[in-house]
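First chain written, first letter: the chains are A, B and C, and each begins at residue 1.
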Amino acid sequence: MEKLLEVRGLKKYFALNKGLFSKGSTIIKAVDDVSFDLKGGETLGVVGESGSGKSTVGRSILRLIEPTAGEVNYKGENILSLKGESLRSFRKNAQMIFQDPYASLNPRMRVGDAIIEPILSHNLMSRGDAIDKAVELLEKVGLDKDYFDRFPHQFSGGQRQRIGIARALGLEPEVIVADEPVSALDVSVQAQIINLFKDLQEEFGFAYLFIAHDLSVVKYLSDRIAVMYLGEIVELCKKEELFENPMHPYTKALISAIPKPDPRIKEKRIILKGDIPSHSNPPSGCKFSSRCYCVMDICKEKHPELIDYNGHKVRCHLFSKGGENNGEISSKENC
Amino acid sequence: MSKEKRYEKEVKAFLSHRLGMIGLIGVAILILIAVFAPFIAEPVSGYGEYEEKLLPPSSKYWFGTDDMGLDLFSQVIWGTRSSIRVGIIAVFIAISIGVPVGLLSGYYKGLFDTIGMGLTEIFLTIPMLPLIIVTAAVLETTSINTVAFIIGIFSWPSIARITRSTALKICGMQYLEAAKCLGIKTSKIIFKHILVNASTPIFVNLTIIMATSIITESAISFLGLGDPLAHSWGKILNNAHLSGAFGTAWWFSLFPSIAIMIFVVSFNFLSMGIRDALNPRISRE
Amino acid sequence: MGKYLQKRIVKGIITFFITITLTFLIVRLMPADPTTMLMDNRLTVAQQEQMLEDFGLDKPLPLQYVSFLGNLFKGDLGLSFMQKRPVMDIIKERLPWTLLLMIVTQAITLLIGIPLGVYSGYRRGSKIDHFINGISIFGISIFVPWLGFTLLYIFGYQLKMFPVGGAFTPGIEQGLPYILDVIKHLVLPVITLVFLYLANYVLYTRGSIIDVLSEDYIRTARAKGLKEKDVLWKHATKNAMIPTVTSAGMMLGSMVGGAVLTETVFAYPGVGRMIYQAVGQQDYPILQGAFIILALSVIIMNIVTDILCAYLDPRIKLE
């Protein structure tokens, strides 16, 4: 498959101004040197705790926020240099599904208008055709066509998320960034929406960048998974590989946190100590070192690089010095 | 929790808001009087009969006569028309300056915001009535439309402020981010997404501007700067003041003052009703 | 605090600068020819020429602006047409009366308005609350001159409790009798203005006390077992006062407008009445000067209010 998106060295820094009494400002590195590819029709899951920078990555590649540095190439064209009208017309290629279905629809706009508005804004078809298309899309996402004239407040969260999906599909995008699209929904509805995502991808063949805060949600959908921690990708590989052979201690902790369907399997859950550290004051060396249960001396001194082992990328000193787990092997459990 | 219920609740809250309903009825009556003024009273001008000057209210002259012997009832009725007109012109001017300034400040932020809000704050700080007086005085010829225009020119800051704060609030909403992401044209974002949602707070503010513009118009006319040919409640009071008759002919100043009060109270009650219906926390337990 | 003060003063200076520029433009750019507008056929030809020179009206507009600014900073506001005296001298006689009227009004309004608002908000929904609210709205809506006339008619002409105009009785010019005389003349104008502006403070305070009373620290104070009286009047009131005092600053500008009308009705010899007289006499230098000085007074009082707010609310200093 061809590469749709190439993200290279993406950075988003925020300057945090301090009060009157301290001079200067602190730099918050919300996203620090993130690189990955997205191929046509593929699903890349991005997983991390809140504050890991996963949403910032999604928003940066859609230019909803301006990245500080890096490149985002869409079919070879750097979209970070687009401006004005060319940026607006690029937008039909890449769409976003938002986390909060209650906030992402304008309460004063009828459902049908919300769906046809972008189609008309891009002059994709006449108003009449757009209305036909909107009706068709409503049915595609599992909603009744009579909902066309209703207002968003008449719908449940799951139904609104379907409306949001229909609205994005109207532009026939090739990339869809889904930013925790099910985390605001009831558990019973989550599975329906995830299935809808899967069905639609099979029908339309677009690629997903699927952002979630735990692995259980992306497990079913993703082809590959990137794990993020404090603005960095710490592990990136095929889904099967990640679950069978997780390398980074953080990934292992996340996997152990997935509820097991069979209660007889007694796998010990890895409990991470402490909270995710503050962006303004990350630990020196490896950013995960303050919570890592495999921490070594080098971890507090040297920042690990993202190293590629036959397509399985990991950022951890356990695996540095090229190849097998040949750093100092820790005697601690799970490392 | 559904929003539909909330809208219904808002309408219900307004309908059960006693003061708000009084305001609505008052505004409706004032508009009717203004529209049908020619059917209610003959317009009067010039000089009346000398022996009819300063007559107290009677069955012939319901509100009495002024120092020229002219019917005060007719003047008050026709004054309603001028007042509504002044209010509408002032509001129109205030919107056409205030809304764009507020939108630019709230949507584009940055330099627009610094300049827009700086100007707004300055206009809110400096004493407006003396400035309007100076402007009206140097204009020399003041028709009622000019007076309304001047009042409007100096009434935009509150509109700009309310528009900006609503625009800022909506810019933080996810549906605006969604609209940008969908590649909706900026003009559409501003009109269909921001302005539509900002219309209610702007409307509440407009009713208040209606009320204050009438107070200002009356004040200008009272100071002798109004349109000498128009019927204005402030002008009647100016005549009462100049003729020195307020001590003897109580009706001379009472009726136009009551008219001003009804006008202002109605619009203030109306805005209170709408505001409380939207924000029930302040008014109800 | 020092930095806040500095910022606030810079803002005040910018506001003043824009105000005078606006005045200059309004007076000079009006459709009427400024030469004829400033001329008065009651003046001799020599005086007219002198006046043209005084105002620099023979020079191009930017130069006029520069000399306008220059004169202003020397305290020169030009000559009054009618009194043929420097505008500044006339204003100096009038301004103290206006300031006295406004400061007394502001103080009394805050002293009555805050407790009324606190009580009204505390007893929200009660009959007393509705009554206070209703009265407040009427206060906003009443037309000042008429309220003034009515008070004057009842208490001045009929009951003869208070003087019917002016700021003092000629002849009494020093000591306690003078002070009492001035207070007596002040009563009716102040009542008029207080009634007009009370509502704003009552409604502001009411709104913020309702907000404050639902805060956690009030619940904590109650849970601690503090007397309800102390919770309301000490803890809640102190915090609810901040927006009220802030609005008091914003209100000054409109209060000047009220003062113009009130002074006119009561023949009170302040700047407001001077404006009224100048309108009748088409004395433009007086109008312009009066506006500039009133704007300056408001800007200065605004800075004072903001400093007061910063004193009440420690958060402001950190911003």
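In this text, a contact is a pair of C-beta atoms (placed from the backbone, for glycine too) under 8 Å apart; a residue touches a chain by one contact, two chains touch by 3 or more.
Everything numeric here is computed off the predicted structure, so don't read it as measured data.
Trainee: Between B-C and A-B, name the chain pair that shares the greater number of C-beta pairs in contact.
Mentor: Counting C-beta pairs in contact, B-C comes out ahead.
Trainee: Which chain's centre, taken as the mean of its Cα atoms, is farthest from the centre of subunit C?
Mentor: Result for the farthest chain: A.
Trainee: Taking all protein C-alpha atoms shown, work out their mean, then name the chain whose own C-alpha mean is nearest to it.
Mentor: Closest to the centre of all protein C-alpha atoms: chain B.
Trainee: I'd like to verify one number: the distance from the centre of subunit A to the centre of subunit C, where each centre is the average of its C-alpha atoms, in whole angstrom.
Mentor: Inter-chain centre distance comes to 58 Å.
Trainee: Using mean C-alpha positions as chain centres, tell me how far subunit B is from subunit C in Å, no decimals.
Mentor: Distance between chain centres, rounded to whole Å: 22 Å.
Trainee: Go ahead and note the Å separation of the Cα centroids belonging to subunit A and subunit B.
Mentor: Here subunit A and subunit B have centroids separated by 51 Å.
Trainee: Provide the residue numbers of subunit A that touch subunit B in the complex, in ascending order.
Mentor: Of all residues in subunit A, those touching subunit B are 62, 64, 88-92, 95-96, 98-100, 103-109, 117-118, 121-122, 151-154, 164, 167-168, 171.
Trainee: In the complex formed with subunit B, which residues of subunit C make contact?
Mentor: 14-15, 18-19, 22-23, 26-27, 30-32, 37, 124-125, 134, 137-138, 140-146, 149, 153, 157, 207, 210, 250, 252-254, 256-258, 260-261, 264-265, 275-276, 278-280, 282, 284, 287-288, 290-291, 294-295, 298-299, 302
Trainee: Please name which positions on subunit B make contact with subunit C in the complex.
Mentor: Touch list, subunit B to subunit C: 19, 118-119, 121-122, 124-131, 133-135, 137-140, 211, 215-216, 218-219, 222-225, 233, 237, 240-241, 246-247, 250, 253-254, 256-257, 260-261, 264-265, 268-269, 272, 281-285.
Trainee: Quick check on the complex: what are the subunit B residues that touch subunit A?
Mentor: Touch list, subunit B to subunit A: 2-4, 6-7, 173-175, 177-185, 188, 192-193, 196-197.
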